[in-house]
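Each structure below appears as structure tokens.
There are two complexes below, and they share chain A, which is joined by chain B in the first and by chain C in the second.
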Partner chain A sequence: MPDVAADSAASASGGALVPFVPDTEIAVVYPLHHGLKPPITRVSISWARGNNLRVSLLRNPPYNSDSDGEIGGKVVEVNLDSGAADVRESVQWRRIAYGSVTPFALLQSRKNSASSLSKLQSSPSPFHLDWWEHVMEYSKDIKELLGNPKSNYDPLIEDPKEVLKKGEEPTSLKAAWELMEMFYADKLCQSWLPERLVDWLADYDCLLSGDQPTVHSKLVEFQGTLVTLQVIEDDPKYWEVISSALAIGWLEIVVKLLRLHGSYQLDQLGHRETENGLVETVAVLISMMPRFRPELKNGKLGECFEAKPDFMKAWEKWREQITKLDSSAFWVPCHHRQTREGLKNLIQIMLGNTKILCTATAHWIELYISHFLFIRPFTAGLEGMYNLAQKCVQMKPMSSPHKLLRLIIGIIGENTEVVLAECSRGFGPWMVAHAIELLTARSDQADILLHKEHDDIGGISMEELHRLVYAQVLTSHFLTWQIAPVYLTSCMKQGMSLLEFLLYRQPAQHNQLLLKNLEICRLYELDHVSSNIMKVYEILKRILDFIYQMNTPSLVSLSSANSLPVAFVDSET
Partner chain B sequence: MEKSVATLDEGTTCTSWNYCGQRLATGSFNGFLSIFDSPDPASSSFTATSKIRIHEGGIVKIVWIPPEYGDAVACICNDGSLSLWEEIAEDGQPLQWKLCETFHSKGSTVLEAQFGVIRTSLKMVVAYSDGHAKVYELLDPFELKNWQLQAEIQNVIDSVSTFGKASCFSASISWNPQLNESQEPSFVLGFNSDTPQLNSSKVWVFDQAHHRWIPVAELALPLDKSDQVFAVAWAPNIGRAYELIAVATHKGITIWHVRLNPDLDGRLSLEKAALLSGYEGEVWQMEWDMSGMTLATSGTDGMVRLWQSNLNGAWLEQAAFEPTS
Partner chain C sequence: MAITNLPKTPKIHRIPQPKFIDAIRWLSSPSPFQKSFITSLYDSDFHTPSLEIHSLDPSKTLTTALFSWTPPSRISSLKSTPSLFAASTFLGSLHIFKTPEEMSVLGNDMSDLGSKTSDMEPVVSVVGREFHVGSVGGVDLMEGGSECVSVGEDGRVNLVDERGDFRRVFDGNGLVSYSAVKWASPSEFVTGGCGFGLQWWDLRKSGAAVAQFKGNWDHGTTSGIIHSIDIHPSRKHTCLAGGSSGTVFAWDLRRQQEPMILSSIGSSDTMTHPLSESEVWEVQYDCYTKSLNSNISSSRILPAMISSEDGILAVIGQGEEPTELLAEPCAINSFDIDCQNPSDVICSLEWESIVILSRP
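Moving on to the complex of A and B:
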């Protein structure tokens, strides 16, 4: 079922099964298009591969053999899931599905080794202490599958009027993965989480444009008009986008835009010296902004401080310089009103004026980021972050918040069930099955919650449940069912039985499929299943032998099964 | 979201997919059995590859025989007869559908038939309009002609019950879809009849020691025992400590938890886990998915509905599909 999943609030209280669970009293009704002339007198159902449901729709048989020339019915197949939401191309989806198998299997293998090791040792194993590093390695492999970061390619001759670099469009799936990684797995960024969120928004603000504009969409719009502007500093939009970009910490863009100011032009410098001096001073102050973080990527502006006292000292000094500039006498001879007001606005942003920050930002998350940068750089702990988020949401309410924003609220609200439900609803079964490893990387509480056996649903844990759900998604597609056993065998409780059902339901008359089936049986020591499969094959073989004798060419697909290696058949039978 | 996989001939009355969803059998009002195949397993487009008239009247139901016993179907026709048809090749001819066996019963008609594979033996339960059910066993796995009547049962929990001649309109049978061969074979049977004692669904288990079928559980609360049963479905069990069985009556769909370990009386312990209601009309069909977690239903209102339990064990309708031109 496409994009239908657990409702977050309901899940928080009840916890619905995924993937297609809006846990509400009224179920969503989807139309089932068949193109038949009504009336439909009979509807019959049958499960096909995985989550595919086949529905036979039958019309009334003709009375007295009088044909009305219409067809008698249709069988339609409904796919009840979409694997990973946000990935529309099936090729791309398969690339992710196949690519994530090895990292997942490797992590499970390491987990099993770690578990065996910890049983042998009475004290906590050093392996356990470094577990998050294994998870980060896994996360890195998965992230690579989800798309590359924005292109770092810089043209030899840089376009001075290109404010936003063009790169690969990021996906919500990757944005969500990075959120989970930074909050749950990456131990190193815990001391500078707010700045890490600033980076995250810089990469993914473009995804949040929906019914409401974002700073990114404002910049894109402004870039489109840039070439047509004669006197850029006269345009209120120019100052508006600079303020917005500064509010969310896109310092390079701000400085670049400021240096497009007309006063920098050679023929203007002479009579606009003071004005230019003010613009440049603001640009320099912006580029010197102290950042409470260990490092910045190449080309990013600001001065990094890892130690809090050093940062404090630099921050106070920087703010003093801004205050000094604000009360400077140089503003009086600056006759260009828009420049004067625009720069003053930027100064207020740097001084953390809440009202102006609120005007400069569009979404609550942008306002939130601006608070970290200019008002509360020391915000620490999820409780503090959550309270601040609540405040920002109140200041900038949204009618239908983006799925990434719902996920952030779940994460900083420290509600694992809501996070799982949001992952499921917004990003699909692939995301939940794989992101659970991030959730449990450093949190014993999440670990307990996800491994708790739920008696009401047959004693299965949430971790296993989500893996089974994802495995069923894989089995829904002919090209991905082969990798489902990796996930099923990682479910100690119920995975093996589901694997047996899966193998039993694979068609035996196709040579390659049969071999694959038997190979999986041998790999997981499912001798009784392979024996069943071979029984089916033996029956087919009797027919095939006959066809060969008769040299009947009409059943090519069946006859191909006859090439099954004899040794293999013997060993299994 | 949906795609057409097969177009059916005018007059089609029933459809049935084989174990792997790679072959479709359809029956028609004028007795034609059609088989649809797809060119390869990756394809989801099916076209008719054979068509044979098996009866003068209409076919009302088709059931595929488990794959270990070949490509064969059981067809129930509107005169109440049951016949088995197998795809075989003989006498220098290409593959053809041939009649293997016909089952008749004096004074009653066949309402339903279902197959179960238990410890390398194929069994078939056939329910009749007089409220009786017969369990047949295939004697030779390579000969679909050789069936032996193993038992004849009446769908009552108490063998001393007496009642007049029953008249049943429909019957529902569902085998325990177990893969675990250590379990005893079992199935659930319910009737839609004018005889209250017969109606409620009973779980029948084969008692190996006495070589007989015994009813071990009645899936109805005391006040609901006479309710006519429209459909039953036994869920695949991939690891639960209990079995999950869905029973549809006019009151709704009841989900039963049936514990595997019998009590001292030999009865299974039961728990009514949920009553799914809120829709109109009669349930035609219920199908569990492979994991036994999602129940799909269809009914007289024309809707297809999906039901799931949440983590607290509360069953909810999760989605519905409304056929539209």
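Moving on to the complex of A and C:
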């Protein structure tokens, strides 16, 4: 049955199959800075590289050539992008594009030599690294490029009231890359994926606080008020922030905050001894929390257990201690109500009280992480993780999920197509073209899916398609087009023909650029292309020389834009 | 394996830039701790070229430019002497500036500099179709002298004096084109261009070049253009040239028909495989590297540094194994050896970055 609402929507959009809603109804005006004296008699417009329009403006050829010192015309390029706001971004983007060439090329050459070697040898040599280890090396190089790990600067005098350490601003691109790496490439962290996710959230929780508050944003807010607070433990915010931080496993922050408690002050220690004892006991218990992981980074709290039986034993013991504290007699003489309730709340979190965990966390991913930490520390396997995620999303629904969260759902849902689509939608062609290497690192299923040739897209595979798309993006900027051949030549079916096409279309307004084009032809053994390019240039050069000799003033002076130097007006003489 | 004789590796500092770097030169500075350099940049987002002077402190961090100037188009060639520097453009103009030291700015209190960029203006600008039509291929300033020579793709050779007047030495009418030039003496200079051609000019004998060298080893399939020329002050009869197909050779006026090939694809008589197979963008004599061979006859070629399109920065000597200083994944378009402290080399990379090498 056709939906009535859909029908009316279709008629409203003028019968279009896909309703097109332009972003803005207001016409955008792009000023042209050509600096020519009017009148301008001819204007020609064509597409240039990327989102640029090339506008050629020509004046009437002057009849008295010597008196008019004006140039006969100009070629200017107009950028149709949104404007100067993202210049820094584009600089950063080019840096990533440059830096990823070497790791990508190295991995491709290793792949080629590995496949030729496997044809020769029947059994893999024991001296050879497993393929996923090569991919991890590649991933490490790329990660370095996307931003260095938080700089661990240690000030000589630590500010006791600085709860959150300031580091490098994390990017969602790197966050997404790390997700792909931990789930698809890194074989070593497969046994402790949940704890790996805890680390990931600790680094990137701040990225999620766009439209909805996060534990991170709560902490930032509290940090701001911290200096002005007189009696910190009277503030309900203090206890709220502590329980939130504990729920997602930021133990060192919890302990640091707890030790700001007023009962630690020397003048109060005397009459608040029991209270202080309770606070300290909870702090010690928190710092002793058993973690099911091989190691912890410097400064992080908890006790690591790699073997499951050891961890289970420690976990049971720890829970026992908490239960014992919960039912201890020391709570009665503790007269500070907020402290008593706050600490009890922390104990409930450590005992895995679902309701309290749910109120302590903001995003579903935070709730998810708290489940791993305090309710189901033995969760293993993607299926279990997926079911748990579904449950958490239901408990904390979101109107517009963040692109990173959509990616996580795709990954733990084990749907390669969704993961590719989310990568492409949220992080662009660079991400897809490079992350495919991670996707196929250990999974044969993804490998088959990505390398299957599809007739409907010209017989190329998904992998090739995404590389071609990225190469297309690279060619749209005159500083990055030289990188495109690296990606094009890794495309078996369409790559070389597109490379030839690209080389023919390169402008060469001066010798150096031409020589750089010819160098690419030489590298990829495209002698016929280079001889054709040279022929074209030779003809252009002769035309120009002719104009120079005739000294015709109708020669169009060129802008520094990328254009062939052959725009000139027919001289009527 | 004995590794004691291995040379120590140079310290390498990479400084990414937000713009494309067309050329880069050191400037002389009064203090060894406060080095400065001039660089011509091209902003690809706004299609604007610029010429900027930066200072470099010992921590090798770059702050805002000390001085900046906007040329009429992109810079095609940049040369510096202790007192002056000259820049030529793709639109055929030439601009000469006094160095900051000469303007006695750097010698004064530097504290107010560095926080903001000051404008600088050329002392001489030559513009117009009478001067050059099309791109100026190369310029050179005479050391301590007053004249600047410029050569262009239009085949013109011009001399510009300190007042901004120029005189034509030769007009090739577009039938030849020049891409590099270097002074040999106050009255002689060498030009280079297509077909691995070199021309020796003497201002006392006008009209044509006094000596010519025509390269004959190009194979028809590749280009053969000289991109850079250098002449050592102590060997003014020998000219070092670098160009297409990884070719680096020396041309001795006393043996004009026998060029000494230091590196090339086609040559079978060189003992090692060619250092580079692509364009050699820049050559400079490297006075820091001492020749291993004790035979210091005047016909011997001194060690030279080259940079190439395939990302090699290396020192080559006659009959010696070349020393690679850098092997980059992208082109090294220009470099400069600091004449005050020749262990320091500054390079500009295709991928929008500057590399500074401090050799041990």
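Simple rule for what comes next: the second predicted complex is superposed on the first by the 447 of 573 C-alpha atoms of A that agree within 3 Å, B and C clash if a C-alpha of one lies under 4 Å from a C-alpha of the other, contacts with A are read in each partner's own complex, and residues count from 1 in each chain.
Rule of thumb we're sticking to: a residue touches a chain if its C-beta (ideal position, glycine included) is under 8 Å from a C-beta of that chain, and two chains touch if they have at least 3 such contacts.
Not measured: the values here are computed from a predicted model.
Peer 1: Thinking of the overlay built on chain A, is A:90 touched by chain B (first), by chain C (second), by both, or by neither?
Peer 2: Touch partner of A:90: chain C, not chain B.
Peer 1: Counting only touches as set out at the top, which of chain B and chain C does A:510 meet: first, second, both, neither?
Peer 2: Both chain B and chain C are touched by A:510.
Peer 1: Does the superposition put A:527 against chain B (first), chain C (second), both, or neither?
Peer 2: It touches chain C, and chain B stays clear.
Peer 1: Thinking of the overlay built on chain A, is A:102 touched by chain B (first), by chain C (second), by both, or by neither?
Peer 2: Touch status of A:102: second partner only.
Peer 1: Determine, for the superposed model, which of the two partners chain B and chain C contacts more residues of chain A.
Peer 2: B
Peer 1: Return first, second, both or neither, reflecting whether A:387 touches chain B, chain C, both chains, or no partner chain.
Peer 2: neither
Peer 1: Between chain B and chain C, whom does A:56 touch in the aligned arrangement: first, second, both, or neither?
Peer 2: Only chain B is touched by A:56; chain C is not.
Peer 1: Once the shared chain is lined up, is A:479 touching chain B (first), chain C (second), both, or neither of them?
Peer 2: both
Peer 1: Looking at the overlay, what does A:77 touch: chain B (first), chain C (second), both, or neither?
Peer 2: both
Peer 1: After superposition on the shared chain, which partner residues are touched by A:493: those of chain B (first), chain C (second), both, or neither?
Peer 2: first
Peer 1: Find the residues of chain A that appear in the contact set with chain B and again in the contact set with chain C.
Peer 2: On chain A, the residues that contact chain B in one structure and chain C in the other are 77, 79, 478-479, 509-510, 557.
Peer 1: Going by the contact rule at the top, pick out the chain C residues touching chain A in the complex.
Peer 2: Those residues of chain C that touch chain A are 16, 18, 20, 42, 44-49, 73-74, 76, 90-91, 129, 133-135, 137, 153-154, 173-175, 179, 221-223, 225, 244, 277-279, 309-310, 329-331, 350-352.
Peer 1: Spell out the part of chain B that touches chain A in their complex, as residue ranges.
Peer 2: Checking each residue of chain B against chain A gives 1-17, 19-22, 24, 28-30, 39-42, 44, 46, 58, 67-70, 87-89, 92, 94-95, 142, 179, 181, 236-242, 284-285, 287-291, 293, 296-299, 302-306, 308-314, 316-325.
Peer 1: Quick check on the complex: what are the chain A residues that touch chain B?
Peer 2: Residue list for chain A touching chain B: 1-2, 4, 14-17, 20-23, 25, 27-38, 40, 42-51, 53-59, 61-62, 65, 67-80, 454-460, 462, 468, 472, 475, 478-479, 493-495, 497-498, 500-502, 504-510, 513, 528-529, 532, 535-536, 539, 542-543, 546-547, 550, 552, 554-555, 557.
Peer 1: Which residues of chain A touch chain C in the complex?
Peer 2: 77, 79, 84, 87-88, 90-91, 94-95, 98, 101-102, 105, 477-479, 482, 509-511, 515-516, 518-519, 522, 527, 530-531, 534, 544-545, 548-549, 551, 557-561
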